[in-house]
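So that you can tell them apart, the chains are marked A, B, C and D in the order they are listed, and the count of residues begins at 1 in each.
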């Protein structure tokens, strides 16, 4: 692909008076009613239709990230929606802006570490993993993808995703690299730190060919759906006034600068 | 549901130290690997798991709205992403802000007209439809969901969605109401105006229990995925500089106020 | 101005290798250090430099709208910022998305009513105002720009803005029309409803040549500054965790759909 | 200030039934009509009213950043606005999301370098500056705040801002540190690289007590006003269709993945 071209192209979509083609397939004849939305997500992002195992994994990841209750993202979406109720898109956009480094940054960071480990020959990865983990410890940075405040000893979502990868026969280099890292983490820190859900996501999406740079996009698609469900609930049972009052009580005014 | 309660509740999600529950189901034991993302979309929004025909229709709608090429929404997403490349969420949010009345407003408007028609007894709907269409004509407003600038005589996407609704046995009152409206439109305007894709979406989502008020949310989920594909393309083959230069040429500076 | 031109132009800015010109003036030689930011706001929007009285009024409006405490807009901005602390722009954008119809819509609506009243000859405006107010009452719609839940009998901000318009000698047709409306409101409702701050803003901005369609933009500039102050406070004294916990307590989970 | 308190407070605003107080001052009696908008910006962010020299500098910075023509930020704002014309806030928010690391990151980076230099005793700063610049050169990173693709030998906006700081008697440690850095840059690179506008802004805002962490907020306030002017122009002379067509021509479809 001519990434540095000064005459860029798009490969996503073209129209005629009779039809819409997406990556060369007819929207009406080949796609609507023939393939599922998650196939299309993979197809438009990766440029080819996914195999069944790849769709299964992508579905599992999208399901796992979708909904986490009244997070700051969901609260922001509800408050903006209630202030601008004719614009569902404003509430959703505000909520998605909270999906940044704090939330999915660790998955991207873990994908980077896995990619770095995979540059070593297989026989050297155990040693390289120890080095990488020691680097993080020396710099007092957590290894991205490891540890969880409440899920102990292990994050059940991560275990489920990794088990699915095995079941579907797609667990190869990336999952192995994550497990190698996990052993190195336990050795260097001299205690067990769980592989968390972001670590597992980085590995299983790597196995199906979705690189770390686009991983945040997968989280956005999933969370977009979760936010729509929150706004549907806000339509049926508004929370905005109750939240506003609670915040004014929780963060009182005081004099001084 | 206690919509007017001053003590609102959420029914979406709760956590324990061991598990996450979404609408009462265990994320790890009942959902990840067991249901697909599109089942989850329906489940979290509508409050129950969908039947297979309902999932098929929701998939078809999500596929049909996902990608339309370099629209203003996609261009805005690419420009913002390229200006803030560490923040995929900013590009996606900017693009979603363009999904407003101009784009999906007609689907919502058509859902409203269908709902209004359904308040009449079945035997009176043909007459009521004529009245409603005449009202629009007198007010010089297009009937939402009808007509298309290029797809003539018929919008093939709309026909495909309506055919799928028949195949899956879910075409009932809403689809019938849309067809009644269509006859009234052709009669009042004395020529054939196609049911367009937004009209068909309004009808088939109505059949699976998703009301007009949340329809824009379905469009947002679909388009969110489409925008992620655009930003993946922007990562591989950047267009921002070429777009910037083209716009400066297309909209030149001139003196005067 | 060629509003319908298919070859649009921009009149805002051009560059050379040596200089930047904004609406024909040199940024370095004529603007930086020579004119104030509020002059520039008027200059870029309206296309000419403002008179001193016009700047005074625009300053007063910008000051009056800037800060209203922990509103939904400010809460959303803080939550998004705390989730994505490397991106001040995300927090500000999320907060601005809450500046919609609920907040400034009434000012725009009041500007429309004033403009409509000004289409009548001066001698007929009192009668026309009575008609317009009766229309609203019959449709059970509040007259935009009138009434306030706590400021009774009068909104002191509105009175201050109108007094300033008199002091600066710019109170003419628009302010007179607002006062005519006010008398009609009191007559039709048979009690005193205050001119509120949004009504006063509509009138005084109309007097300085800023039309209703751009009024929301003035509110956005003002509130943008207010949100930056909130995010500065969030940097120094974070509220996100406290807000999150308060919301989870205020909106508890319950079973059921 | 109790930054780490688990019981956070706000110091910005409180209401009564009669009045609004901002940082202890009555909005109606002390602020509207008494102080200008730019005073208020400083007052709400910094916690005290500015001195005249401080307001002059803040005005100059806000004027200098406001408008740069049809940048990606302005294009995105126009496209989103034209897609959702009832929502000026959506267009402005989309445009502001483009104000990230690419645009104002260098000003923040320069503020960090200045702050680092100021940790050294005055007598050691020349030597420390040489070290810092060499570090950047070794890491093949540009020194933030220096160099410009077209303004050579010097960026006139930077020179103007620094001259204003001298005129107003506020040029002290920060400006001196920037000049020390400038000498080190020229020495290490063995040629003259201009102090650019972002470098000058970092220095002069540092002199008036606005730290690097909030600098992006000042840019957002300024650019918010610039975007409102673009959207006013879009109202009067729409560019969306012309831009859309130009982009489709500039970035054509091609087959392949």
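Worth pointing out:
One rule holds for everything that comes next: contacts are C-beta pairs under 8 Å (C-beta built on N, C-alpha and C of every residue); 3 or more make two chains touch, one makes a residue touch a chain.
Given the structure is predicted, the values throughout are model-derived calculations rather than measurements.
Greatest Cα centroid separation from chain D: this falls to B.
In this structure, the chain pairs C-D and B-C differ in their number of contacting C-beta pairs, and the larger number is found at C-D. Chain A and chain C have Cα centroids separated by 38 Å.
One simple way to say how far apart two chains are is to compare their mean CA positions; for chain C and chain D this gives 23 Å.
With each centre defined as the average position of its C-alpha atoms, the distance from chain B to chain C rounds to 32 Å. Residues of chain A in contact with two or more other chains: 8-14, 69-70, 84, 86-87, 89-90, 93-94, 97, 99-100, 239, 242, 251, 253. Within the complex formed with chain D, the residues of chain C that make contact are 1-3, 5-15, 17-20, 22, 27-28, 31-33, 35-38, 40-41, 44-45, 56, 58-60, 62-64, 66-70, 87-90, 92-94, 96-97, 99-100, 150-152, 156-157, 160-161, 164, 167, 213-214, 216-218, 220-222, 224-226, 228-233, 235-239, 241-242. Of all residues in chain A, those touching chain C in their complex are 69-73, 75-76, 79-80, 82-87, 90-91, 93-94, 97-103, 239-240, 242-251, 253. On the side of chain D, the complex with chain A involves touching residues 8-14, 23-24, 47-48, 84, 86-87, 89-90, 93, 97, 251-257.
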